[in-house]
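The following blocks contain the structures, represented as structure tokens.
Both of the next two complexes hold subunit A, though its partner changes from subunit B to subunit C.
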Partner chain A sequence: MKILVVDDEVEVVDFLCNFIKRLGLDAEKATSGTEAIETFSRFRPDWVFLDVKMPDIDGLEVLKRMKEIDAGIKSIMITGKSDEMSVNDALNLGARDYLIKPIDLDELRTKIQTYILSEK
Partner chain B sequence: MQGEQSGYRKELEKAAKQMILIHRVDTLVKIILRTTIRILRIEHASLLLFDESRNAYVAHTSRGKAGLKIPKGFTRISKENPIIRYFTDWRSQVPETDYLLLSQIKDSLDPFNEELKEQFLLHNIKACIPGFFRNKLIFVLFLGGKLDGRDFTAEELGFMSVLSSDIVMAIQNARLFQDLDEQLLKNKNLFLQTVFALSSAIEAKDLFTQGHTERVTHYSLTVATELKAMDKINGMDTKRFFENLRISSLLHDIGKIGIPEAILNKKDELSEEEREQMKKHSLIGARILSEVDEFYEPILGVKYHHERYDGTGYPDGLKGEGIPLIARVIAVADTFDAMTTHRPYRASFPKEEAISIIHKESGRQFDPAIVEAFLSACKKGGI
Partner chain C sequence: MRYILFGTILGWVGGATNFPLWFNIPIPPVGNILLSVYIVIVACAIAKYRLMDIKIAFTRAGIFLIVYGFVLGLPFIVLNRTGSGLLATSLAVVFATLGPLIYRFLQKRAESAILTQQRHYQRILLQAAMGMVTEHDIGKLSKLIVYILKRTINLNFAAIFIADKKNKLYQLKAIRSQANIETRNISLGEDDALIYYIKKNREPFFLEEMPVYIKDSFSLPFKTRIVIPEFAGSELLSFVLLGDKVNSLYYTDEDMNVFKILSRQAALAIENCIFFEESKESQQRMFAAEKLASIGGMADGVAHQIKNRLNQFSLASGELKNEIDDFSAKHPELIEKDPELKHSFDYMTKIARSLIENVKKTDGVIKGILDFARVEDKDNFFSSFSLKEITDLACNLLIIKHETAQLPITVDLGAEDKVYGIKAQIIEVIYNMLDNAYEAIKEKNVRISKENLASFTPAIELKLTHTADYDVIKVSDNGIGIKEEEKHKIFAPFFTTKSSYKSGSGIGAYVVKRIIEENHKGKIWFVSSYMRGTDFFIELPKSI
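Entry: the complex of A and B
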């Protein structure tokens, strides 16, 4: 099971990738929308953790473009409390779920177990 | 062993001294974590501070290896988290403790111990230090494992014990200073709002000068900006001078409250006697404001803005540099606005003519340096 983690904050992607790897999954990171789409084509992940707010291309647009490459891509959006509108848009676009920062690691682990590890 | 111990003590003392000097919580926490990582030689350290608005402990600052340290603001733990409950829940009958180590949590059938252990693994930490202030847990400090993979030594555990109370004290200290700064700002705003209220009181009474104080304030500050650029505001705190000038300009005519309305709003030119009565407004204004200590400097502008550079003005006939700078500035601004606005007994002067009159009065009614600044401001379009 391969997971792509996208956030414009390097510390966040490093932390999330590390967390996911500790759960026994394969993870790659991208720190911008552009890099995310490039990595996506090459890495072909099963799941994407996607930050909604990014300076170059926002998470919703990134999700749209990933869908054009692979219609079956599954994603979990990461967002601040102020972007609740975007969360709805993301869910409408087919995102499976979302996490609001600051996140509870228990909740994150439960989501990974429910959605991803159960697919294994 | 002895050397190591005194080394720790020295580091602690150094850290404690630094902590007391820092008045910003953010900067302080960064220093604390950097020191902690260096002294304990651990992979990462994160401070989770209690956030009232979220009712949870939120990752505030972290230091250490990429991927291990928790990004600022990225994670939270709720009050129901086993780690928090371990420190706060009296029912669990945990004795007061300065730290909790993963290695201390015994394997047992108690499900709570298992939950606790799981939280340590989830956050990839080996130790946790609580921070209490008046029985309230204000933070938890998460510490990763040692770089060499060994257990913490007795000295290191001793360091942890002292660390907590030092951080609590430092955070409370910094918060106190932040609160003081906020209170100061609040008071200052309250003061300025009171000045505005006072200033609008006179405009409500004197129909002809509506908008006058606001314009005079604008002209005064514009002229003062030029004076500053010409390096003519010497020997005083410039920022304070501008603050006082603003207040003084807003209140320069406040004494008109004490002048009969029949004179203030008279449609014809004033008689000699009425003019004399009108002149009293600068002294009345100074008297009104003398009740407030903070107005000491602004009062000089209120009292003397009708003095003339050649010594023929009122109320005291002060001359030249003997007239406070603040009053010399307002004098130009006030006269210029009076000339360029319409009065029932005379039409307003065109702006160019008013400027040339100010120019002509340089060295007579006005201080030449201020006239120069005024003309320069006019040229630049500020007036």
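Entry: the complex of A and C
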């Protein structure tokens, strides 16, 4: 299982990748929208963990473009806003779930176990 | 002046009846009685034109006496000495012609010498009046007015009272006197007899002119001679009290005219000050409101930044804990063999957990502020919402505002905590009432005696009950309570016992009342006992 983690803050991506590797999964990182789309074509992940608010390209836009490359890509959006609108936007674009910052790793572990590990 | 002149002529005529005797003409000096008449007439004139300057009167009379004594006396002496009637008569004619001219000349000289001083100060007063209008601080203006008056007119004292509309009285704002008078907090009520008389009279007046019952109705620690009011339209802005002139001169007609002009100038200057202060205050309020609004606008941006930092904390501490757990799981024998290592790892796990906990708490604080700053459209209409949510939010905000670890509050909402109303406004109402309760307790902590302090357990309670048609919210505290004489002011606009800048984002009890009564058609009232506590009640109809 390959997961691509996208967030404009390097340390956040590092922590998340390390965490994912603990669970025995393969993780790759990207720190911008453009880099994410590049890495996506090369790495071909099964899941993408996407930060919604990024400086160059909006996370939702990135997801759209990834869907153009691989329509079946599954994603969890990471958002700072808890208001309904942003969440609905993400879900409408086909994201499976969303995480609200600050991320609770225990909560992420549960989601990964539910969605990803159970599919094995 | 005419009376004095007339009286003096009479006196002379009377006195002149003595002359025939000198020349052995047997006419009895009956005219001497006219002298007393002269005195009486002069006395009446002074009494009537009380404002007369005795110095002037005596000077004029004096000059008159000297000149005419000379004019009339000299011919007689010549007649006596030389026996020549012709010489005496021609001398008399010459002097009679010159007499008035000499008289007028001397009189003018004498008067201008005396009056120069007075005209000088009248000029200064009027000039100073122009200068007053540029002073914008009412305290400084008051001091300036009394200083000018006392110095230039040379008085025992000058004092000014300024209207305090909020407290319905006239406050002694500045006084300049020869003696040291204790003047803190001297004031006269709006409804006092003296104020009523001033308002009715409208012109400067002498204290003696007032009816006795008014004179007796007040007492001030200085002997007032004149009252000069300052009106702006029909409103009495202020009034000046003047004492006697130091060299016991009387106030003249001219003085009173100058005072009338001065009072109008002073009224202008004072009105200017008041307007200036009010516009400064409303500007400050506007700035404060704008600042608050811009902070609200920034809230989202700032919250986003802070959430990103918190995210780092959260991931870092989460990974710290995971790293320790994974290592311990992979090398259990190392941990078992080395108790110090185990202890160290346990401690690091504890640290990680504490970090994670505090991230969550900080997140809660931010959510509270965001919810308060963000006004979502739906919250401005009527809806049914949870009072618990509102109360939690208000408590979180108060914890931040008062920088305390927790609030001494119990919340009893019963089984059904839904209320009906305009959510955004009820948030403001509950926040305001809890804030007031907390301030009341703080105030009591300050006032209470040491023995009682130990046994004082601060307590705020918010309780929700329902009747058939209403939801009733009760907020009670055991703080300082409200004094009897202030109870009627609680809901008045602008009334507050806290300094307004400290309260900052709060709304006053006046706005709370309007929200409840006008917007929600509800009721708000309170029961309070000074130094014991206060209970506020809000009744909200279940439907409108």
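Of note:
Just so it is clear, the second predicted complex is superposed on the first by the 117 of 120 C-alpha atoms of A that agree within 3 Å, B and C clash if a C-alpha of one lies under 4 Å from a C-alpha of the other, contacts with A are read in each partner's own complex, and residues count from 1 in each chain.
Note that contacts are C-beta pairs under 8 Å (C-beta built on N, C-alpha and C of every residue); 3 or more make two chains touch, one makes a residue touch a chain.
It should be emphasised that the depicted structure is a prediction, and the values quoted were computed from it without experimental measurement.
On the superposed subunit A, the positions of subunit B and subunit C overlap enough to count as a clash.
Contact with subunit C, but none with subunit B, is seen for A:53 once the two complexes are overlaid on the shared chain. Of the two partner chains, neither subunit B nor subunit C is touched by A:68. Within the superposed three-chain model, A:15 lies in touch with subunit B and with subunit C [touch as defined at top]. Here subunit B runs into subunit C after the superposition, and of 73-81, 235-243 or 325-333 the stretch doing so is 73-81. Within subunit A, the residues touching subunit B in one complex and subunit C in the other are 9, 11-12, 15, 18, 22, 101-106.
Interface residues of subunit B, counted against subunit A in their complex, comprise 54, 56, 58-59, 66-78, 81, 122-124. The residues of subunit C lying in touch with subunit A in their complex are 303-304, 307-308, 310-316, 318-319, 322, 326, 356, 359-360, 363, 367.
Contact residues of subunit A toward subunit B in the complex are 9-12, 14-15, 17-18, 22, 101-106, 109. Across the complex, subunit A meets subunit C through its residues 9, 11-12, 15-16, 18-19, 22, 53, 80-82, 101-106.
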